[in-house]
Amino acid sequence: MSSEPQADAPAPVLRLEGVTKRFSLNEGEAVVALDGIDLELCRGDFVTIVGSNGAGKSTLLNVISGAVPCDDGQVSIRGIDVTSWPQHKRAHMVAVVLQDPKTSVAPSLTVEENLAVAFSRGKRRGLHLALTRSRRRNLQDQVVALAPPLANRLRQSAGSLSGGERQMLAVVMATLAGADVLCLDEHCASLDPLRAPEVMAVTDAAIHNRGLTTLMVTHNLELAVRHGKRLLLMHHGRIVVDVQQEDKDRLTPQRLMDRFRTATGGMPLPARTVLPD
Amino acid sequence: MVDLFATSAEQGLVLCLVTLGIVISFRIADFPDLTVDGSFATGASVAAVGLAAGLPPLLAVGIAAVAGAAAGTVTGTLHTKLGISKILAGILMMIMLYSVNLRIMGRSNVPLLDVRTALTPLENVNWAHSAAFIIAFGVLALAARGVLDWFFSTDLGLALRAVGDNEKMAVAAGINPDSAKILALAMANCLVGLSGALFAQTVGFADVGMGIGMIIIGFASLLIGEAVFGRRSITRLTAAAVVGTIIYQLIVGTALRLGLAPTDLRLATGLMVVAALGLSRRAVQRRAGAEAGTAA
Amino acid sequence: MKRVFLMGGVLALVATTILVGCGRQEKRPVQIGVMQIVSHPILDAVRDGFVAGMKQAGYVEGKDVQYDFQNAQGEMTTAQAIARKFVSDKVAMIFSIATPTSQAAAKATKDIPIVFGAVTDPVGAGIVRSPQRPGGNVTGVSDLVPVHEQIGLLLEIVPKVKRLGWVYNAGEANSQYAKKLIEAECKKRGLILVTATVANSNEVYAAAKSLVGRVDALYVAVDNTTASAVESLVKVAEDAKLPLLASDTGLVERGALATIGTDYFSVGKMSAETAARILKGERPGDIPVRFAQGQDLWVNLKSAKRMGVTVPEAVVKRAKKVIR
């Protein structure tokens, strides 16, 4: 995961300013999921995000993608203020891959059809036939390049794919039409240990292929440490640790744990956190 | 026996448009739309008023179809913009349309006998009327089916299917879910309104209560058709809609001839739906079991 | 002489002033609640006839009488709610059209006078004790269909009829009652009655078609469901060249062949006559139920032609109304 060091930083691709999100619980209490987040990402950045449950990691991605509107603050992509835009309006800028393979693809549609839907992200959908021969060939090529296991399953229904295959498909779909920002929300967390690396490989290929700016939330410290050029530690809706490239290269999962304990005043990481053997 | 088949085919081909509409709302858009009972009568009312006023028949029928689409649009808007649940939105529209239809006709019942209808040229045919109707309605049904099969293989149609199948994923792909649902409902109820307009001309009058029970008839027809064709693709669904409606009319006609009281028809239809749902559930479970076995 | 004249004139003037003064004090419009079970051409005709009959009896709408027109939209619960509303509004009289509404009204009040229009079997419906002496607060006009005369008319026009087809809704109380009458009449005349039942007006077309080839003539009688779908019967009759006999004149207007019938507008007017008597002080229980006279022979020659029927001259001459 090497890339050229950033000289004088160009305009940030993604900028969050004072982003706050509150959720109200049943008893009238409010939980602050995001507490005045400031964040900037430049083109080509790959940021991994870790933290305890309820730290706000998923909410952060949701606010960026537009799935959840924020209460205060501003979200800008490529300098455009998208804070009030619903998700479908900014979908051509932000691509997402969610955690649950059961809901990451459309099960009744074929693999090809799912890809065709993803292909049209950001384009006007009219009465053009969705799967013309040329489009089919194009999609086939992409799949062969990025996710070979799916190459001869194009005509099958997406619902008949296994969990790992679905996540692979979801990754290809997210990266098919290009995006300014790619959000990965623990997208390998529900897969068994043999599948996860496959999907991660597809993910890396896709990101590298398009030079995508990426945010990846994960509970797997190994993944967090090995991937990406920057790491954020979140706790109670705040970014408590921000490890940049140079420091990150020297990071190990153990050191990460220590930093986390220091930053959070002794809180252990949750049981789900995956540590290397 | 032949005329039983002829009448069933005739009615089935007119009413299969309702079933096609139900395919769009229930199966494709995942929106249980109960507007049908209302929009069917709206199509009948609008067409009747237009025909009685002397409008060219095809124009009257066209306006009726548009009226149906308008009804569906309102239902969709009630759900997407006002947050009213899908079923409740449909029920509300169905109830409100009763009053609207009464207003449109000005009375509860408009006769269409001595009026030029879209069917008049067919009625003047000298040879077997039934055959003429069956051919004409058959062509219409196949045309409707063809249009739908084509539409749902376009980008726009695929977008509607995506919203109905996995709304989260569709939104993430940049599809506006509200517009998609409204469009689906407009299309579905356009077909239902069209069916109502043609049905009124077949039976010779338009009545404000004409649509009552249509949703059940349409749904039962669809289930029967799916038992034959399955629902794995759009083309199978549309075929199921057309054929299922004709089979349903045949079953009903035969049952009535054999002595079933029409007042018991609703119970019988309901039982048919329950049986078909039970059978299809078993089929889904069997298929799921097979897939679990083959999946990696 | 002159004095007598003068005295008479003054007396007359005084009397008139007193009378007019009294009259003006009592001149508050009478409240009448009018309820019908559903929007329907026949029931609407009864309502219109009632209003016209009341006007003739001296009760002009807005001036002498105020109507509260209510429609139950086919729902019995709504009918009951309407009846209760009339009771709480303390209307002077309730005019109920058709059986279900009359039953709802009779249940809601034993005090307010109820006049019914177009109830085929008031005794069977439980709203009067006997037609001659209704007994309670309910009386009115029954539209018992002159089946005997009507079938007689059919045989006069088309003597060769041996099998008669009748489509009806078994769920309607008046149709269940009429079925007995029609069966008895057919038996008397040696005709075979073939029936087909429907549950709503949409089914009439298919039901009528199922009778083609099994009957020599069709009959549309009494049943509200088939009446609202009479156009379907006309279509089938014309298509299959079958005579379509009707039970009321409105249906002949809409395309049936002929009838000796009840004009429902007259039923309404007759009800108004009864209502006027009650408003003038008579007790409803003492006024016998009146039966709409089946005397209007209507024939539709346009339909006859399309049904392939030649109507004998004698019938045409006798007819009260001929539609060409």
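As written, the chains take the letters A, B and C, and residue 1 is the first residue of each chain.
Here, a residue touches a chain if its C-beta (ideal position, glycine included) is under 8 Å from a C-beta of that chain, and two chains touch if they have at least 3 such contacts.
Given the structure is predicted, the values throughout are model-derived calculations rather than measurements.
> Give me the set of chains touching chain A intersected with the set touching chain B.
Intersection of chain A and chain B contact lists gives nothing.
> Would you identify the chain whose Cα-based centre sits farthest away from the centre of chain B?
A
> What is the identifier of the chain with the smallest separation between its Cα mean and the overall Cα mean?
Taking the mean of C-alpha atoms per chain, the most central one is B.
> On a C-alpha centroid basis, what's the spacing between chain A and chain B, in Å?
42
> Compute the distance, rounded to whole Å, between the mean C-alpha positions of chain B and chain C.
A distance of 37 Å separates the two centres.
> Quick one: report the Å distance separating chain A from chain C, using the average Cα coordinate of each chain.
75
> Hey, which residues of chain A end up touching chain B in the complex?
Going through chain A, the ones touching chain B are 65, 67, 86-89, 91-92, 95-96, 98, 103-109, 113, 116-118, 120-123, 125-131, 157, 159-162, 164-165, 173-174.
> Touching chain C in the complex: which residues of chain B?
Residues in contact with chain C: 3-4, 7, 11, 98, 102, 107-109, 111-113, 129, 199, 202-205, 207-210, 212-213, 253, 256-257, 261-263, 265-266.
> Mind listing the chain B positions that touch chain A in their complex?
By the definition above, chain B touches chain A via 151, 153-159, 161-162, 165-166, 168-177, 232, 291, 294-296.
> What does chain C use to touch chain B in their complex?
38-41, 44, 73-74, 169-171, 196-207, 209-210, 212-213, 228-232, 234-235, 239, 254-255
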